[in-house]
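Two complexes are shown next, each including chain A; its partner changes from chain B in the first to chain C in the second.
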Partner chain A sequence: MSGRAILDVADLWVGFPSYRQATQHALRGIDMRIAPGEMIGLVGESGSGKTTLARAVMGLVPPPGVIERGHVLFGGRNLAALGDEERRKVLGRELAMVIPNPRAELNPVQTVGRQISNIAFYHLGATRKEADRIALDMLRAVRIPDPERRFAAYPHELSGGMAQRVVIAIALVCSPKLVISDDATSGLDVTVQAQVLDLLQTMVREKGAATLFITRDIAITAHFCTRIAVIYAGEIVEIAETRSFFARPRHPYSIMLLAAFSHNPALRAKWTRSEESRRATAAGGCAFAARCVRRQPRCEQEAPPLRPSATGHEVRCHFPVEAAA
Partner chain B sequence: MHLLRYIGRRILFVIPQLFGIILVSFFLVKLIPGDPAVMMLGPTASEESLHDLRDKMGFTKPLISQFVRYLHDVVRGDLGTSWQTTQPVTEDLFQRFPATLELITFGLLLAIAIGFPLGIAAARLKRGPVRKFADYYGLLAGAMPDFWLALVLIYVFYTKLNWIPAPLGRIDMAVVPPPTVTGSLVIDSLLAGDLDALSSSFGHLILPVLTLGLINAGPILKMTQSTVERTLASDFVRYAEMCGLPRRVVLRQAIRAALPSIVTIVSVLYGFLIGGAVLVEIVFSWGGAGQYAVQGVLNADVNPVLGFVVFSAVLSLIIYLLVDLLYFALDPRMRG
Partner chain C sequence: MTAMLDVQNLVKRFPLAGTGKVVQAVNGVSFTIARGETLSLVGESGSGKTTVGRCILGLIDATAGDIEFDGKRMGRGRDIRSKVLRGRIQLVFQEPAESLDPRIRVGETLAEPLRHLGIGRADREKRAREVAEHLGLPARALDQFPPELSAGLQQRVGIGRAIITRPELVILDEPTSALDPTARAEIVDLLIRLQAEFGTAYLLITHDLSTVRFVSHRVAVLYLGTIVEEAPSEALFARPLHPYSVGLLASVLLPDPTLTHTSALRLEGEIPSPIDLPPGCPLAGRCPFADTRCHAERPAPVAVGPQHFVSCFHHQKIAALDSTIDNFARFQEESTKLLSVGAG
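Entry: the complex of A and B
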């Protein structure tokens, strides 16, 4: 954890001002550091702030959102403070994004070969011919069958898995320092998903990039992340080394996420409140209190800080779980 | 191959479409009250001579057989005769359609030249004077009648400033028109290298084209603005930004994706203006096809009206076919 971090997020608050109500906070004091080459998994449900974090890292918080406090430093620079032109030189080159829905997000009227080639052309200063050759090499590298023919294909002519490979190729053309994968495989069939994930992992390792792997599916992270961070309602509730996390999760929400995959209904029942409610907890309390099976009076009054625990986890809970069963 | 088959099928469909158009317009035109025989012979004509004339023109037969007769002639390329000009309608229309097409083609080109860049600028800059100007322009162009703008322009540039020749027709009476090649006097004068004819026809063309251009830039502006705004906010543009592509490249991609909608609005305007430019034609005594058709309606001269409908229908069908081919070129998803 010590040493030069490629990504340094400190006490990051992102708020969405709203006309009638109080400002909604998508991120509430996120702290996260990623070392070069590290793969960190960020797990959370929809609306927990995962994507906002990704956008904040790129310096592209969607309007009307604003960074209210804290900072994001990528390679020591604050991308949000850079001018558009300066930021553009970093995005796609040093910091690349793998998107979840490539057939909607690739340009529908441009061949995929051209779209990969564009990255090399505009970021690496390659000639068009070199860029096309690089693009073809990338198509081979992501193991797309018949790459010469696929080079001239349009996104709608590719399968979801194939399009996802194209997106990985686009992300890795410039050998970035950090790859953010935002729910990248959620739209794929499970078997294809495994292949694409393997590919992403191999390619990222080859290029020596760090990865922020954002997902709703905690099972995916187990395979290749070095650390796992669990985010709930804009806060990181637990962060730990992968092995230790899966062996002994400490936060009730982490356990709930893991229990959801369990074959043991009793375990699921034990960690999920029967009267499941997503109502916001009263101000000042723990954000998870309303859904927590271990809720105590103190949880409703006092928000817990993220505290290091004996097992090397950092946990945001007054009563971290000692041994999950 | 695929494309050729598509075009072939489209052209095949033109026949039933034309039949339907002629069927509907024939009976609609026949519903218009007015007796051409009275118009031709005057109010003092005897009942007997009126009846003879009606009989000669075939108006005493049942409507159905009149229709069959008309269809029969149309298939041979005969659209009948106009009693006003005493010429075959086909001949009249071939004289007048180029005038209308010249007017609306240049008018729409000007409208695109104004509306397209302004729409893009307004879509990019959500605030500021350009956006304000575009908003007001769209509103004004939509609210202003074209004939009124034409009259204002004539008042300013002819009556007051006297910069342009009198708004009567397409070329000065004293100037010999160039030999017909394209039907557009401006282009034909250019081709013939006839500077006198060029300056005269250009001088006559400029105000009606300005009128149509200024008015029709409104819808093109609005369409460009809203579509480019939408594509600029679309997923693939956001992704292109995340990939750090230069701004101008992203903008170009967004505009490229907006082109089909803009082509659509331009083609709709073109089809509409074939008949819709008639008020401007009248103000400038342009002698175009729309004017000819309106004269026909006013004087119970049925054949010019029907002939105009057939001509515009064929023209519209050609335009829509061209537009579909353009879609093919613009959007690979259409190629299937």
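Entry: the complex of A and C
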């Protein structure tokens, strides 16, 4: 997979300098490769660095954040080094994003048909007429009922589920090589969420795009991703094939995330340390040590590297959970 | 089992100014809650679940219907907040960050409801410290401001503010939906523990079915302002009999790639607008079983088991489906195996 990765992130450090304190690091040495057509799920809590990684991939780290070390290569190019004009040619065409809260993010004073059509017009060099036809086809492809009439609708006239379908249409109209979905279904009701996720998966497969599926809901990734990466405090702590990950997670944090779904309070307590210890992380040690139920003295002194294990998982832990139950 | 809260035929309509149309938010909802019991009101956005909660609290007036609390009929308007009831019914909000005043310290926030009960400062502070201990809040949190706490701790403050008056009923309006799964599990544990300790009854309003499974004794499924199915929690999750309940449960994703939703019944489309509803079954437009009768006539609740009621003409057909959606129970078995390995 190494030679033909569509996205290659290596030892990526993103820091946010602060006037009074030391620089805060949102990402601390991320390594991640995505092969064409692969759907990788990136799971983590709020504040773990998921969205910063998405922004870094697009070359849009928000100021004052800076890439301190490492690189992000998309199709062999460093997007951050491109000029704004050059980057705009890539974003939306080869690399697209599916965003949450579509009714707030879409342009409220432009019809949804025109918003899809614009992408085809600017990126594919289509004439206005062709672009409108492409947009109508996309509305049909994302299974919006009555697409001719909805073409002329404004975002506020659509339900949340419909607006999310429009966002998917916008993301996929140019058949991008990589789609980033950042918590794209978090505001939707469960029956609608299931429909939208099915649609996104089908469309992405049809177009042959790779997907970086960012979410805080680990349950979604189980059904829609081929690989799972778990991120904690700006570091990937475990990365593995989906089936293998859920059958036998190795990092204590991965297990803690899964334990949150158990109905057995004793088992949950066994893997969860109270939230109180969240911010107390010793410098130099493992970032998860303060919340880890398996913590040993060594964990507080020495940060573990991300190591391949016998089960094919890569795990960042001195004392990973045994492979066999 | 005597009901502590008895809601009968609750109706709430909101007129749309200038159009002559009405939003039929709640259309004849009836249920009871006993002391110490948890009833979950489950539904998607637009189902009317929050409106039901607000009517019970008296924050808005119901259009029709009766609400009795502890044997006393609660009238319309202000008397619902009379001195007799004050502090006996409390509310926990969905967004902890937005429902706490960022400029009032946590200790004071917790104690505020007691001021309205005429309790003196020294007692208020003592009770706030006691409640903080129950909540598992660190002692220093009492002197902090809400924005300094994580979302999970903020929601603990929201719960503490509700239980400090020792209410008999707490209405929980989406208490966990703004939280990460880990924080959510901790809040659920807390709610269960507080109920065991104080015997508080809960009306849990939510669309989060995993939480419902954890905490409820009974579940009522709400769709377009109508309860379509009501059952003990276990019975509902094991064998839902209304097509909407089946579709809703089948849509829930569990963190196990081997448990996919294989149900034969998949709901198409979305919940329609509750403006000027047609007659007939509220689900008729989305239901694969709908026939002419469903479009013309509203099905009445039928008893199908102990405390289990379904409002569907075709519930026998649903029961005959080879339903394999009892994934919740299977997931728990798998999850127990997975988590039983040594934590060291």
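As a working rule, the second predicted complex is superposed on the first by the 315 of 325 C-alpha atoms of A that agree within 3 Å, B and C clash if a C-alpha of one lies under 4 Å from a C-alpha of the other, contacts with A are read in each partner's own complex, and residues count from 1 in each chain.
To be clear about the criterion, contacts are C-beta pairs under 8 Å (C-beta built on N, C-alpha and C of every residue); 3 or more make two chains touch, one makes a residue touch a chain.
All values reported here derive from a predicted model rather than from experimental measurement.
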Both complexes share chain A, so when I overlay them there, do chain B and chain C fit or clash? fit
May I ask you to decide whether A:196 touches chain B, chain C, both, or neither, giving the answer as first, second, both or neither? neither
Counting only touches as set out at the top, which of chain B and chain C does A:112 meet: first, second, both, neither? neither
Once chain A of both complexes is superposed, is A:166 in touch with chain B (first), chain C (second), both, or neither? neither
Using the superposition on chain A described above, determine whether A:46 touches chain B (first), chain C (second), both, or neither. second
In the overlaid three-chain picture, which partner chain does A:223 touch, first (chain B) or second (chain C), both, or neither? second
Taking CA centres after the superposition, what's the angle at chain A between the directions to chain B and chain C, given in steps of 10 degrees? 80
Tell me which partner touches more residues of chain A in the superposed arrangement, chain B or chain C. C
Looking at the overlay, what does A:212 touch: chain B (first), chain C (second), both, or neither? neither
Now for A:154: first (chain B), second (chain C), both, or neither, which partner does it touch? first
Quote the smallest CA-to-CA distance from chain B to chain C in the superposed model, rounded to whole Å. 11
Interfacial residue positions of chain B with respect to chain A in the complex: 235-236, 238-247, 249, 253, 256-257, 330-333
Using the touch definition up top, name the residues of chain A that touch chain C in the complex. 45-46, 145, 159-162, 189-195, 216-223, 242-243, 246, 248-249, 252, 255-265, 267-268, 270-272, 274-276, 278, 293-294, 319, 321-322, 325
In their complex, what parts of chain C are in touch with chain A? 44-45, 136, 138, 150-153, 180-186, 189, 192, 207, 209-210, 213-214, 247-248, 250-258, 260-261, 267-271, 331-332, 335-344
Can you check the complex and tell me which residues of chain A touch chain B? 58, 60, 84-85, 87-93, 96-97, 99, 101, 104-110, 118-119, 122-123, 154, 156, 170
